[in-house]
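Got some structures for you, see below.
Note that chain A is present in both complexes that follow, paired respectively with chain B and with chain C.
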Partner chain A sequence: MRVGADSRKTTNRRFVILALSPALLFLAVLIGYPLVTVLTDAFQDAHLVNPGVGGFVGLDNFHKVVSDPHFFPAVSNTLVWTIGSVIGEFVVGLSAALLLNRKMRGQGLFRVATFIPWLVPIVVAGMTWEWMLNPDFGIINSLLTSTGLVDSPINFLGDKEWAMSTVIFVNVWRSFPYYTISFLAAMQAIPDELFEAAALDGANAWRRFWSVTMPQLRSVSLIIVFIHLIWTAVNFDFIWVMTQGGPNYATMTLPILIYRYSLQQFDVGAASALSTIMFLGTSLIFVVYYRYRRRLSDEIVG
Partner chain B sequence: MSITSQRRTGNAVSYVLLAILSVYTLFPFIWMVISSLKPREEIRARTPSFFIQSPTLDNFVRVFVEHNFLEYLRNSLIVSLAACALSLVISLLAGYVFSRNYRMRLVQGTNFGMLVSQMIPGVLLLVPLYITMRNLGLLDSYASLILAYTTFVIPLSTFMLSSAYDSIPMSLEEAAEIDGASRLKTLTHVVLPVMLPSIVSVGLYSFITAWNEFMFGYIFISTDSLRTITPALMLFKGANSVDWGGLMAGSVIAVLPVAIIFLFLQRYFISGLMSGAVKG
Partner chain C sequence: MKKKLAFVASVGVVALALTGCSGSSSADPKTIELWTSWSEGEATAETLDPLIQAWADDKGYTVNQTNFTYDQIHEKLIASAAGGNLPDVVWGLPEYVGEFSKLGILADVSDAWDSWGDADQVSDAVKSSMTVDGQVVGFPYETTARAYLVHDDLLAAANVQVPTTWDDVLAVGSKVQDATDSSFYGLTGAGVREPQELLVYLAQQGLSIAEEQDGGGFANTWNDNPDELAKATEVFEFYQDLLASGSVNENSATYGWEDTDENFATGLTASFVTGNWMAERETTNADTMGDVSVHPIPYPTDGEPATYIESKPIFTMANSDSLEASTELAQQFASEEWQTAAFADRSSLSSVSTDSKWSKDFAALLDTGVTYPPISLGEVTQDMIDALAMVLQDDQSPEDAAIWLGDAINEALETSGDAAGS
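Take a look at the complex of A and B:
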């Protein structure tokens, strides 16, 4: 039976709508609607358990959040946590990819070994490191004191001078494999002729890395750095598991503050205002990314 | 120095560095396993040793018998498998039209919506999602977690599957269509069987994401018998002036399923991730 072109087009359209509707429904109900609620609740009085509280309050919630004495320290902690983690992940991730990209025996095994931290739940990563770094019974302090590197055990997570660098260190350990995998994929796409030509021109390994490998990694670097800036800035798990924002607010970041407003003080208005501020921050990162991306594409194409 | 000897020293240096890298990535797991098998006195030793004097399964017995780790394990399995299956069905459908009908406005709009949704992190939706689940009467149920995890993995799963569909020639479907099969039937009987490796890799991604999630499990579930394993570990730590042996045994239990799946299917997983990475 031959189907007319028009009715064929309609069945086609119907199929597309049907195929997309489950995905659209999930996104609308569980991301779109909550997002709109955050943006409107930020200007309302809202309480988590007391539905009697309500009403438009203008910018009161924003004022409250910004004048919280923990707000600006939390902003600066979030910046340190995010930028420190991303730099560490980038350096370790790229070095590992360079090592793993060398044509040698056994690389398959090394790749699997490198990739494993990324598979563990953050809770497990955080707790295992917390146990290893324990000042009384931890293996790391035991090794550090027995080799004479330090005189007395360091309370890595309990000392406010050490806590932030320690959580960043653990985050780098858990997150760098993603960079490695992405860099490896990009490196394997670089044609061998480029390296051969550079070698013929007398470029040593160091120069080949900077003039052949790195330019080819710009595009993938941009996207993973951008994704991780956002993922890290909004990450709740690592810090909550290891320090809960302590000691003495030394690792208090904005996501932990959101949690405290909403589920400890039940102040939905303030939590939404803070979420809105963070959302503006991540959108800003996105705009910056977008502009770089366009400039990069122009360079590559033109 | 000749090229070959230069290459040989380069290799030697690389092997040493790779060995250091592997110690860095694997040592925490080795230490986790060692600690989980140590009796209490050895856990609380001033100078911890790599060798266990009297290895014991006490820590495992304790978390399984006294604390309900078997139940947590079951809950995590139910939630992760359900989210994995549900998100696969949804993304297989969406990804298919992403690949075959990209010209349509509706498809491009959905694509854009999914991209944007990737920029909106979970913690910002924490409060409204909690309230939404409460209004739907789903708080403190498997369904709350299954729905949330499904939603979070839909965008990336759809993108990965759509690029997998891209690599399958249209002629396959056209032939089936000439034979009179409907589009849905063509999809399930002709296209999907060819896509199996991609489906496995996307399924793994969603399963592991759901298995490892912590924040929503921690906040949505308050009944102990419904709790998943990641928040259970956190609460276990808080409740017992830190029973490190038990905690490490619990961690081994939480990592084991993922580790087993990964070791069997790592080829699919890494290649899937790498193809996704190049596209990005």
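Take a look at the complex of A and C:
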């Protein structure tokens, strides 16, 4: 009897290991190995086209990155880009969800239409907006000047004063449907009884929104805000497609600086050092999220 | 024991499945991986596809052709080199010659060049643009120069003659703009075209971004030579004066080639330095491209004519499992037969041309062509873009920009190992 139980345990253990092995291998090969390589290269003099350099250099790469005159502006741009995008996406996404949650004619059509920007590939969206915003032949400037809203065309992506707010606007346009989908799903799970009870207590629509709807959206808000903080901070393609970090570094964020170190300067050591700094930063965001998540779970469970 | 072996084997199978179990992309010596950069569906692709297939059938090879943009080829090749998983034959740009040579991934095709029957049809300038340390590393599959294209009707409407010097350009100022609503001249203020333009204007002043030094290696010498610095300063002054005089659209200070070519094709810009790929716009913009004439690029009164010669090399990778056949395929692209079929108006061979202005008028400028020195250009071209941003966007002094660029190029040469004494 005892022998049979041991045999079953061994078989179960083997099955568990076998079942987990694809995931473990996936993590080891596609995440673990590159991550360890980046962390070790950050302390090496690694250059793709200069075979004359190499070896352990301690913190030299970090010093080089932090001494780069573009580093702190890139940190600042990354914060503005990330926080601006997430706030914009949250506000527009929530507003759209509130509108779409109301019963109205053509509700399905509006819901589908709202999701369209999210279905457009980033490269297509970026290039289309780039053409639409062109000061010479773009439709946006044509509308602005023909209606008299502006005297002369605005170089939205070429003027340093406008470039960052423009790429944030386009990012918000493309990403808000994700928030809308999430908020809409959460809103539809709120029991009608809560709204009815609040109405019986004399709460107006504004009060019901703050006292019933928003508390019920805390959990989903926490998840999507923190996910988007990380996604936006590490996003490369959107800004690259629209401005490549320009004009004159006005939209240069840390991921684009990493790209320039690695694939323009071929300085893998500096690129790895900056990647390590970013990794620590995004890990910090995750730690903050985890603490908030636990606190919220404790509150919900009571 | 058997069970343990089976377990390890099954894990191994999963691992191989996950990692794709591939070594070199052309592990089969009868298969050639070819990376190109043509526009699907356009004439070049339509013509070359059957030629490649016929060559492969004749030689008993399979050619796997994959199409990328040049930027993608650049990045993928560097990543592939780091991973040791390279294709066999690759289309490239002249900017890549120095970098890829330093990576050690290019095959030396000097012997194949020497025995090539069409070699005497290639100019020395083109051959030298794909020669590093005496070794030929590519065959030229497409060669174009830059020219100064002019919408004759727009200049006639403003009663303006085609300029030949920088002073002529600046003297026109906003006359064309006032008369036609089209800006007169064009400049590129972003992207890959911007440093190519700067290279031309520097060459017209007799300057190079990096000179090969006697003891080997390269250096920028502007800051060691007051005459050179003065001439480099004049170049940056010209850029600033273009904006100040009203000769160019102020927005072009941040325009890439997509915007500038579009503006010229649609007549929003009356004249512009660009390439003969604009011939395609005669079809798409028939209303506005009919009056275009081709001229040498305006140059400084005390300088010399110069243009950017873009001779695109097709590379064979040094680690190819089918090195001989891959080199032969690369050579085919540069052959008279394939050039006549697919690159008749932009061929590297003097024997291949057409009667159109896009072929003969551009070919007439090749003698004044310059190209980049064979160094790692990634950081250097970014420095050139940054220096132009100093004068075009930040209104800094042209001399400061010239001094900064000279130093920045030398720093980049040090980093990449291209500097003298590295």
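Structure notes:
By definition in this document, the second predicted complex is superposed on the first by the 284 of 302 C-alpha atoms of A that agree within 3 Å, B and C clash if a C-alpha of one lies under 4 Å from a C-alpha of the other, contacts with A are read in each partner's own complex, and residues count from 1 in each chain.
As a convention for this text, contacts are C-beta pairs under 8 Å (C-beta built on N, C-alpha and C of every residue); 3 or more make two chains touch, one makes a residue touch a chain.
These numbers come from a predicted model, not from an experiment.
Overlap between chain B and chain C is detected when the two structures are superposed via chain A. Looking at the shared chain after the overlay, A:29 reaches both chain B and chain C. Looking at the shared chain after the overlay, A:160 reaches chain C, while chain B stays out of its contact range. Contacts of A:137 after superposition: both chain B and chain C are touched. Residue contacts after overlaying the shared chain place A:117 against chain B, while chain C stays out of touching range. The partner of chain A that touches more of its residues, comparing chain B with chain C, is B. In the superposed pair of complexes, A:96 makes contact with chain B only, with no contact to chain C.
When the two complexes are overlaid on their common chain A, residue A:59 makes contact with neither chain B nor chain C. Residue contacts after overlaying the shared chain place A:264 against chain C, while chain B stays out of touching range.
Legend: residue contacts after superposition of the two complexes on their common chain; A:48 is shown touching both chain B and chain C. In the superposed model, A:186 lies in contact with chain B only, and not with chain C.
Working note: chain C versus chain B after chain A overlay, options 9-17, 63-71 or 315-323, clashing stretch identified as 63-71.
Shared contact residues of chain A, touching chain B in one structure and chain C in the other: 18, 22, 26, 29-30, 48, 134, 136-137, 263. Note for the complex: chain A touches chain B at residues 11-13, 15-20, 22-24, 26-27, 29-35, 37-38, 41, 48, 96, 99-100, 102, 104, 110-117, 119-125, 127-129, 131-132, 134, 136-139, 142, 146, 173, 177, 181-182, 184-186, 189, 220, 223-224, 227, 230-231, 234-237, 240-241, 255, 258-259, 262-263, 268, 271-272, 275, 278-279, 282-283, 286. Across the complex, chain A meets chain C through its residues 14, 18, 21-22, 25-26, 29-30, 47-53, 134-137, 153, 155, 157-160, 244, 246-248, 260, 263-267. Chain contact summary for the complex, chain B toward chain A: residues 10-11, 14-15, 17-18, 21-22, 24-26, 28-29, 31-32, 35, 43-48, 89-91, 93-94, 96-97, 101, 104, 106-107, 110, 113-114, 117, 119-132, 147-148, 150-151, 154-155, 158, 183-184, 208, 211-215, 219, 229-231, 233-234, 237, 244, 247-248, 251, 254-255, 258-259, 262-263, 266, 270, 273-275, 277-278, 280.
Contact residues on chain C toward chain A in their complex (touch as defined above): 7, 10-11, 14-15, 18-19, 74-75, 78, 81-82, 99, 102-104, 189-191, 249, 251, 253-255, 259, 262-263, 266, 268, 376, 378-379, 382, 386, 389, 393-394, 412, 415-417, 422.
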